[in-house]
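The letters A, B, C, D and E name the chains in turn, as written, and every chain counts its residues from 1.
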């Protein structure tokens, strides 16, 4: 296997808040990497650095073995990196299909190919088992899960080589979530796309990932193949951290 | 057990989209009711009717056995109903503690008791295991899970008699989610508060709920005590629906 | 939340319950019309027309229609630029001053630098766009809010106009007289330019990537940049378009009125243009607006101005009636919009 | 995103690395100062002061300070109202016309209806608030965008002023002359009122429930109403405050200039007030703004106006210099703000 | 129009005075600053003439001297088939075509208050009633030159570039230059709003302690020059001051000696006479052609200010009341 993405010693602060101190991470070709960690651990910040939205304070990124500086999101996207953001990055005022192709519109110059986009959008949503009355409605009017499905579809159906998915299943129903995991697995099976996926549902993580990384205190503190770890180990890891940090008696229930 | 909330024949449409057709639902004193359903099934719409944000097109609501029309969110809140919205209803420009007490500010007339609110906010966040650098930062700067924790804290620590929680755990980490479930359980044990909770993670639902309702096609189609159902049954329910509705071959993976 | 730019609503599937027996095609056309965001303001414009024609029969005379078209066109042209800017979340207060300056520039270029008239016009338009570029660069790159940036350039450009013209009107250069008919002097020439510009930018806003990105930037700046949209380029571009259009409107008005006057345009013209945009349904907060709506907004304002003048209202009470008419017609507009939405079930 | 109203930033814990040995308390005070959003615009105001004093020594003379204070105060008072409105996501274009009308109302009440002067003043202020109520009700209840509503009332109120006054200035009623000193005629009286009003509404915006809800409504309208905030009441209330403050500013200026003039106030005053608010850091898009910033914004504008006049810039080039100065000082302001934020690590 | 219905009672029925019955003719005044107090007496003049003659008038144009807006109003008047138009020709080229169009349509047009540029009326109007702005400014300049021996003088202008006042300042400049006196005259913009004007003039006075003359070309600035002169006691330092128009505060400034003079441009006649001329033109079938009328100007000084102050009159716009003003004593003359 070849390494498509590697981060070395990445650090990032926001004013007084240090989000990342020393991140070292690698992503192999065709691999699905699960990234877990507490709320506020810095997972989203890491993703936003890897996709060119934030610039790291220090450290470097290697893309296919070569050092790369992502000047902007478009730049990184041009290099084959696409992202589902936790905040979804949807434009409420635009229709479902325009959101789904935002930044990668189908164009028959000089006009947008609305018909093509509308058709594709419908098809993608069907494939994801998402039921939306019409792809013409503004996303402001959609339910939480429908909105997330659009954001996910935007990236998953792009021809990106590296997908960064920040909690893509948070608002998805059981059925829709399962279908998206199927999709990710399909991508993996084809072996062309490498994925980093953030999720808090460890069962889902183990189900779809090849490897799991835990982000704690601004560093990757745990890195194991999915087959070598278990739901209990992951849960314990987090609980242990929590027990050590706090002395309050309530035992966290196994998720 | 006495019934604190009952909905009869509620219907609601948005223009051409019918979200709810005929909802019948009851909530007992001190009970935790789990509400599940596909994306776009109408769960959030139902919650928004029960909290006074939307007005139903038809049907009626009984509060403690008496018919009640909630003119507005303040009105319903005055009657003891508090809500965590799926979109969180946070004000990005305000600090953590102001968001946490929004609409229920502590006041030493004519001024806000910022000190009291700040202290309480810190304490609540600690109790929820949420780590935020300072309660003075604007919520715009927080991570997804941190934001959700604030929205949840706002309601859970209110003195509401009925709590409506719309996917309160979607962005929460394993640890933080477990702690919130603990909190809900505590409330239940005290028996004073009744809760409706929406979640897509059926394991969590079964863990904390007394009863589970499934919302499908604008109606409640399934209503069983948690003890009488199981993860498999719930998953199968959803998958069956999905199989019936679509003929595509991909089998949905068990969540 | 009645957002977007008419895009989504205009293209919905027809409702289920169309009156049976009614001529289908017509019903569907009426329906498609009513779905457009601009429909209600068009209804208001037509209602005003009917009212004024009823109260004073000269309203629809050829000459008066020319008057109305001339009272609409230049502001509609500036409003097109302001719509693009407002949709992308910015505003240009200096547009009216660019409007004032540009015919002077044309005059200087022709009379002092001996340029060919048509080239002088093009260069004056480019100068307008260049002022827009400055507005955009200061706003986007130096992060000064556009209200403040363009407040600065408003004064700056006005000062340049006054100083270079010695605050005195100039005549249309004789060399350019041949172009007068094409650029505003002929009866319908302003209207034709205006309609062409409105049509073009309507397509740009509704059907091109540029328009889509303009809405995206104004609707959710953070989201748009997360989605990899070139926010700076879109905003600066829209400032440039506004500058160029304002310059063009100024030149049209100079030819129409046969004078280059330091008091034409100004903040008044900018204010009228922004008002037309907002009346036409563009949100000040960004993310939503329509070019055709702005044209109709400018038309409504011109109708009011012209109609009450025709009826013979004098200056002092004029504003009472104008203000009341704006309030009444805009309440009507909003009410119609609500009916329109409610009817679509 | 440098949002809120100074609340959150002002109250952060001090940074770790304070220069050792430096006088602690002073350092901390300077630090607390620099954390405030208003800090940078204050620096700009002081820089201008230093520049003008250096270039023309009369700038800091007693008389000229009075002059500057009088050029600041009335606009700052209107700006306070506009800040509240802008923060809650609305705007009032009619404020300047209320400013023009209110001293006429006072005059009518006293001279035609024989009211006691002080009561006439109070009633005039209430009338201003009543116009604000109309603005608010039409905007919030009838859902007409506030830009359009207040555009309508702008003309309506102006028309009322012109018609009732026959567009002719009036004298301060002799009966009210005794109050002149209190209400604007005495050297510092405008400034004192202004500071009192600014202080009061600063507290209202920063420290009361009303202010918190104002920010919430402007920051996230949907979220605020989901959270059970009485959106309509907040917005209408802020319109009323703006109307009342504009009326008060108009009366102060009438007493100061010893005349009641239909050309005082108007859209110019409104524009100055909104500019002061925006220069002072209030976002046009809502959710963020500071009352003290608006005062400083008005001060900066007054300093520029006064200083260049003191220097004796003549009419035509004046605006070039004013515009350039606005651009330069606002770029400086933004740059300082960035330094301020970067320094806080 | 709505605001002069009351006054214009005896319309077509019998005819007024000895005149035969006429239709209720409607004349349109196209003005450049419709709501400026200067023109309040002009409107009274027009209204009184209409009441006298049983006709009607409309007062319209632009509020802030925007030429395209005036042209729109002018064209509307043609569309509305006005019976006559009076226009302030503040731009020497812009009104040529519209006036021709009106004349072609058989609508008589006169100009008032402003008549193109010096030596070039710019339109084919039938006659001009008033004194042009440049000339009045020129006379201001001559007055300044007679009051001052030399030194710095300033002329305040509310809004440079505005057509109702810019020519005045240009005229003043030219006259001062022509006088050959060592007067260093600069123009300063004072702002469109009255309070701002006061602040500006005050600031200027402080920044220029050695100024020897302060003048203004608009009503608001003139009144405020008086106030600033009073505030700093500049009269005792030999500063000359004066300006235009008859604002109440200007007149008290003259009386108190803070202003040396103000210029009364007889605005009442600029409304009264156009109506009279247009009426007669219509009545006579075009035989009594309107005649050029110089309404002149009057320097109001301490010597002749009293009657202005004693009574508020319609002739200056300070009162709406119709009244008989009895004057006594000899009439001042050279």
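Miscellaneous remarks
Criterion: a residue touches a chain if its C-beta (ideal position, glycine included) is under 8 Å from a C-beta of that chain, and two chains touch if they have at least 3 such contacts.
Nothing here was measured: the structure is a model prediction, and the numbers come from that model.
Under the contact definition, subunit C and subunit E share the contacting chains D.
With centres defined by CA atoms alone, the chain at the far end from subunit A is E.
Each chain gets a centre from the mean of its Cα atoms; the one farthest from the centre of subunit C is B. Taking each chain's centre as the average of its CA atoms, subunit B and subunit C sit 46 Å apart. Taking the mean of the C-alpha atoms as each chain's centre, subunit A and subunit B sit 26 Å apart. Computed from the mean C-alpha positions, the centre of subunit B lies at a distance of 43 Å from the centre of subunit D. With centres defined as mean CA coordinates, subunit D is found 30 Å away from subunit C.
Touching of two or more other chains is recorded for residues 12, 162-163, 166-167, 315-316, 318-319 of subunit D. Residue numbers of subunit E whose C-beta contacts span two or more other chains: 3, 35, 160. Each of the following residues of subunit A touches two or more other chains: 16, 87, 137, 141. Residues of subunit A touching subunit C in their complex: 53, 72-74, 77, 83, 85, 87-95, 98, 102-103, 105, 107, 110-112, 114, 134, 136-138, 140-141, 154. Within the complex, the subunit D residues that touch subunit B are 1, 3-5, 7-8, 11-13, 203, 207-209, 212, 215-216, 218-220, 222-230, 287-288. Of all residues in subunit E, those touching subunit C in their complex are 1-3, 26, 28, 31, 34-35, 43, 56-61, 63-68, 71-73, 75-81, 91-94, 96-97, 160-163, 166, 170.
On the subunit A side of its complex with subunit B, the touching residues are 14, 16-17, 36-41, 43-44, 86-87, 126-127, 129-133, 137, 141-146, 149, 167, 170-179, 181-182, 200-204, 207, 234-235, 238-239, 241-242, 246, 248, 250, 252-255. Partner subunit D is touched in their complex by these residues of subunit C: 89, 91, 138, 142-145, 147-149, 151-160, 162-163, 166-167, 267, 271, 274-275, 278-279, 283-286, 315-324, 326-327, 330-331, 333-335, 338.
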